[in-house]
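Both complexes below contain subunit A, partnered by subunit B and then by subunit C.
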Partner chain A sequence: MSITTMPERMPETLTAIEMISKSERWRRWWLAMPLLLVLCLALVWFSTAIGVGSVTLTPPQVWRALVAPENATRHEIVASNARLARALMALGVGMALGTAGALLQALYRNPLADPGITGVTQGAVTAAVAWIVFGPVLTPTQVSWMLPAVSALGALLSATLTWSIARLGGRVEPVRLILIGVLVGGVLGAVTSVALLYAGEDTQALITWLSGSLASVTWQKLRLFGAGVLITLPLLLMAIPRANILQFGDDMASGLGQSVTPARAIVLVAACLLTAAAVCTVGGIGFVGLVAPHLLRWFVGSDLRRLVPGAALGGGALVLVADLVARNLRPADIGEWLNIPLNTNAITLPVGVYLALLGGPFFLFLLRRMRS
Partner chain B sequence: MTRQDQLLQEDQLHQDDQDDTSILNRTLPSGPQATQFQATDCQATTSPPPDISALRAQAIDAAYGKLTILNGVDLHVGRGAVTALVGPNGSGKSTLLKVCTKLLAPRQGAVVLDGEDISRLSTREMAKRLAILPQGPVAPANLTVRDLVEQGRYAQVGPFRMIRRQDHAAISRAIELVGLQALSDRDVDTLSGGERQRAWLALALAQETPILALDEPTTFLDIGHQLEVLELVRELNQSQGLTVLLVLHDLNHAASFADHMVVLNQGAIIASGSPWSIMHPPLLRQVFGVTASVISDPVTQKPLIIAHSSTTRGE
Partner chain C sequence: MTTAVLAANSQRVRGRMFLGVMIPLLVILALGLLNFVRGEPNVNLAEVWRAIVDPQPVEVNHAHFLIRELRIPRVLLGLLCGAALGLVGVLLQDSLRNPLADPGLLGIAQGASLAMALFSIYPEIMPGLPRPLICLVAGIVAGLAVISFSGTIRDPIRVILSGAILSGFFGVLTTAILLLAPYERTGGLGAYYRFVAGSVSAAEWQYLHMIAPWLIVGIPAALLSGRALNLLQLGDELATGAGLNPFRTRVALIAISLILVSPVIAAIGPVAFIALFAPHIARGFLISSDSRQTLIVSAFCGAALLLAADTVGRLLFFPAEIPAGIWTVAMVGPAAILVVGRMVRRREA
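Let's look at the complex of A and B:
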């Protein structure tokens, strides 16, 4: 038996269709405009991040220091190199977390999902801390490639656990997922605390890392992070269309020709790998994955082919700004301004602190909006 | 293969039955006199489908976990016809639709689409042959109508998910068929209920499949929008030759828009046939627990139910 197809198109409509695809191309360009704006914004912040600091550098100075170091002063070279690495790292981490957030929000069909809330970040952090404290003593080289693997595994396990518990009652309700995420995160946080008790002399470094800090970025870390993201890239390219169709619900996705379970697995693994890459290099930076996709959704819509690049650039810009603040604002200054004695030993606060200060209220705002 | 051959053979048989069917249809009461049917008649009212099957389900058993929903159900969906599944809440009509569209794997039995067992078709292949619109679909925020309809091309798009010229054409045509050209750049959230449902219908149409399955397409719509959507479906069936299988809650809607009605109760098909052969008081009392009269709609000449009272209360 043959398949009956819809009636053939009439030949005279072909020109009309060509006209449509032409206007369609323009529409696509128009829709991509906000992306260009975000790109510009990210670039502006990137340049600012390199220029601003204890020594202010102009763009030509930075350029000279990087391209022709023999003509530059020692100050310029040191500052440019360190700031460039740090800015690249901030951009990269923000992009990875923004992307992971956009993917998870589509996967869970939940605007509140982000790597922090769905247990992904906590899993990666706990696995990394536990492995550093209780794991075998290894050479730095071994640590450098095994730590990402361990935290990626931790992220996957914890995300799967959160999802499975949330699914026990049948349908996964948004609020339910958040409650379970908080629960799993809490338990994992306790595990992390226990591990920290045994950390000994590493404690201080681990605590700074836990809140997410870009202070100890090196070119080597950056290379490692880049390699991790590069490995994830093919998976990410597979994940985007799948996550896009999963947004419409399981039945709809299946009816449109996408098997749901493999698609979910691909999206979840991609999001976990990206988060783990970010977590192992700079620690538990939160809320980027929540804030960036949200802000960008207002400008580019929910289609992930636009939202993922948007959320990536937005996340990058966000971390760049937060780190710019973190680098240049000393707790002592804040104390003076608020008229309370804040005499900490830390010269600056980790970037994660500022992002949490921004992200918490934003989360509340979203919760309120969701209820109405 | 043997099962498939068997089903194919049965298809041939049904084709041979065609003459009998038409005679049967002619002799069936078509007017207010249908209300004279006796209680015993409703058991026997299972006429063959109006045309050869586009889709057939054979001996379907389906369950959610331990809860059995369908028990040995056979369904024939006539090619080019509008088939409506009706039945009380929990009768298994939505489940049957899910089984027929491969959204739910039956525990037993097979569904044959164009002579092929759908359990052997990939999800993607299935999406090229049959479009389904689930009940109460929800679009992600900030999505334009065109973006929504574009998703209908998911199974067809070229390598790297590139939207090609023929995809653009299919999308534009689907939007035109539901009459949403003027609203194609609007956000789906900002549309009225009826417009939104039309946008979802366009998504299914963009799949360019010969069969369209709809699960209660009129839920959450007021009476005007309900009719708007159903009239559109009917129109598409007639102008595009679409085979339509839909679950409907409202019996009067089913009777006026479907060629063929299938009545389910407690996971089994109680009766199937043309609206006039199905809609009579004994069956309504048996399946829905209502005392009702059936009259001929003065305008469309289709059967119209007037329910008087529920018989289930106090039992």
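Let's look at the complex of A and C:
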């Protein structure tokens, strides 16, 4: 009986679904717009980064140098190659850190969380510095293979330590995790300083590296970084929906059928690995993971399926801009102009300094917004 | 009956207070003597005694010179700075009713240290300004920035997060200055430790002369503010009822703590965790939360902690020296982690 009456109702129902799906499709397009804009921004900065430098190259010149090197002059090839590696690295590092920041902010349900203050970056940095200073003397090839593994291990160890201390008091609460992460990061910072004492002639280079520097990027490092990110990718794809559900809070998440603790572990490990991949190539770069997810959340909302790509592209664009400044701004010129004696060896400042200069004021602005 | 209980109770309170002063004092005496005696070269106690009582043969005797010009000022500087930090911790924590308040966690210490690095590497920017004054101004600016932007310094969790981010910000800028400055002005790694981690190793009598006037004003003022702190701990309404203006009192107390912390940062840098943790140790000794007692015991605990960190850093890996600021983090950090864990649990309950 009911079956026979159904067809009469069907068309109406269908149109309703159709209407919803239509508006949904529009909504999706609308929400994808900021992502496209960020993508364009990243691409613009990327090509600027390749073109601008001690020798300015036009896009056709760059293209020719990369695609048909036999027609290009030698300095075109050299400049394009070096800049391409550096720009790719900046983009990649920014993407990894932006993603890690978005994941951690969802995990801790706190907009101030990022790999830098929750101890994850510090774990990777400490492990890498300790390995460089105290580790066995290796050939450069071995070093380049071992360092990423060591810093990934360091990041994971620091996260595990944070986790197990937080678990001492019962359930693993986000608030406790984040506070203990901050303090664990502080203690690890002290360990790094001790390791620096024994660094000898590497000290200056290590201090530069501690604040994050893209000056020593090579194609080999880039390949390693790419391999690391590729290994993490499946985990990242698993982490995004889980982090999305965790955002709603523990009760809601378990109500939706998500077992909370394993989900948290997956998200944390994904964030750790991405951070470690970035840190072991460019050092303790900060503020990207804090700023990028925030800026993008205003435009795309906090659904991680959109926020993660957005934060990744935003982070990439941010590091590209900061590195463009770091590469081309010569503090020595400003020092000469202001008549301040400067270290003649310091030709440029590490990119981390400019990111801090961008990120610090942004953070104060953020605090002000949170207050209201 | 009641008076008997009260009397017994007050006796216990006084007993714990005595314990809280004596134990740090014994630690200080033992470590102080160890510091005088050990080092390059080791000297015996008789020599130390002669160096202290007999001012004459400084130029003649190498050991006398070492003890009088290096070891004694170093121990004294560590003790005074530690005591000042212990007082600052109580002042901030009890007046803001935030058990995690600490100049380092508020970002003030790193901000002041950034200014210190700038002005001591480039003294020609502002010649003739006393260093503690520079720290004071920079600390006030950094503190005002945090307060005006966050609007709260009472929520422990937001304070600790903002402080961590701001400390990172100022730390990177300090590193940038150290990287840019010519080597002969910074002296390399030593400057990095002084301005980023904090270290007592540069101690000379001249530093003691520098901090003395500030501490002569600050320490008595801090010790006298116990009553106000007690009232503020009760909550703003009760404090107002007792005839106290909570806002003005709080500003005055923060001003006292800035007066105490500025010379410390100028002399030894942003040594972390002492101001955070000394009051917690003091409260562990005491059975009352009377700030008048906490202040005194915390000053002794802070002095003992900083001296211990400096002694370990100087003697543990002997010819190599690890700055005190690193050891305070390494030794006190784990304990601070436990305190935070306990505090968060209490918040949830």
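Heads up, the rule we're going with is that the second predicted complex is superposed on the first by the 326 of 372 C-alpha atoms of A that agree within 3 Å, B and C clash if a C-alpha of one lies under 4 Å from a C-alpha of the other, contacts with A are read in each partner's own complex, and residues count from 1 in each chain.
Please note the rule applied: a residue touches a chain if its C-beta (ideal position, glycine included) is under 8 Å from a C-beta of that chain, and two chains touch if they have at least 3 such contacts.
This structure is a prediction, so every number in the text was calculated from the model and none was measured.
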Partner chain in contact with A:Leu364 - subunit B first, subunit C second, else both or neither: second
Partner chain in contact with A:Ser47 - subunit B first, subunit C second, else both or neither: neither
Partner chain(s) touched by A:Arg297 [first = subunit B, second = subunit C, both, neither]: first
Touching partner for A:Val182 - first (subunit B), second (subunit C), both, neither: second
Per-residue contact with subunit A, leading partner among subunit C and subunit B: C
Contacts of A:Asn81 with subunit B and subunit C, given as first, second, both or neither: neither
First, second, both or neither for A:Leu349, with subunit B first and subunit C second: second
Partner chain in contact with A:Thr160 - subunit B first, subunit C second, else both or neither: neither
Shared subunit A contacts, counted only where both subunit B and subunit C touch the same residue: none
Interfacial residue positions of subunit C with respect to subunit A in the complex: 122, 145-146, 149-152, 157-158, 160-162, 164-166, 168-169, 172-173, 175-176, 178-183, 185, 188-189, 192-193, 196-197, 272-273, 320, 322-323, 326-327, 329-330, 333-334, 336-338, 340-342, 344-345, 347-348
Residues of subunit B defined as touching subunit A within the complex: 11, 54, 79-80, 98, 101-103, 114-115, 122-129, 131-134, 137-144, 146-147, 151-152, 154-155, 161, 165, 168-169, 172-173, 185, 207-208, 210, 240-243
Complex contact set, residues of subunit A against subunit B: 1-7, 9, 17-18, 20-21, 24, 27, 106, 109, 111, 241, 244-245, 247-249, 251-252, 254-259, 297-298, 301-303
List of subunit A residues in touch with subunit C within their complex: 110, 112-113, 116-117, 165-166, 168-170, 173, 175-176, 178-180, 182-187, 189-191, 193-194, 196-198, 203-204, 207-208, 210-211, 286-287, 290, 331, 335, 340-346, 349-350, 352-353, 356-357, 359-360, 363-365, 367-368, 370-371
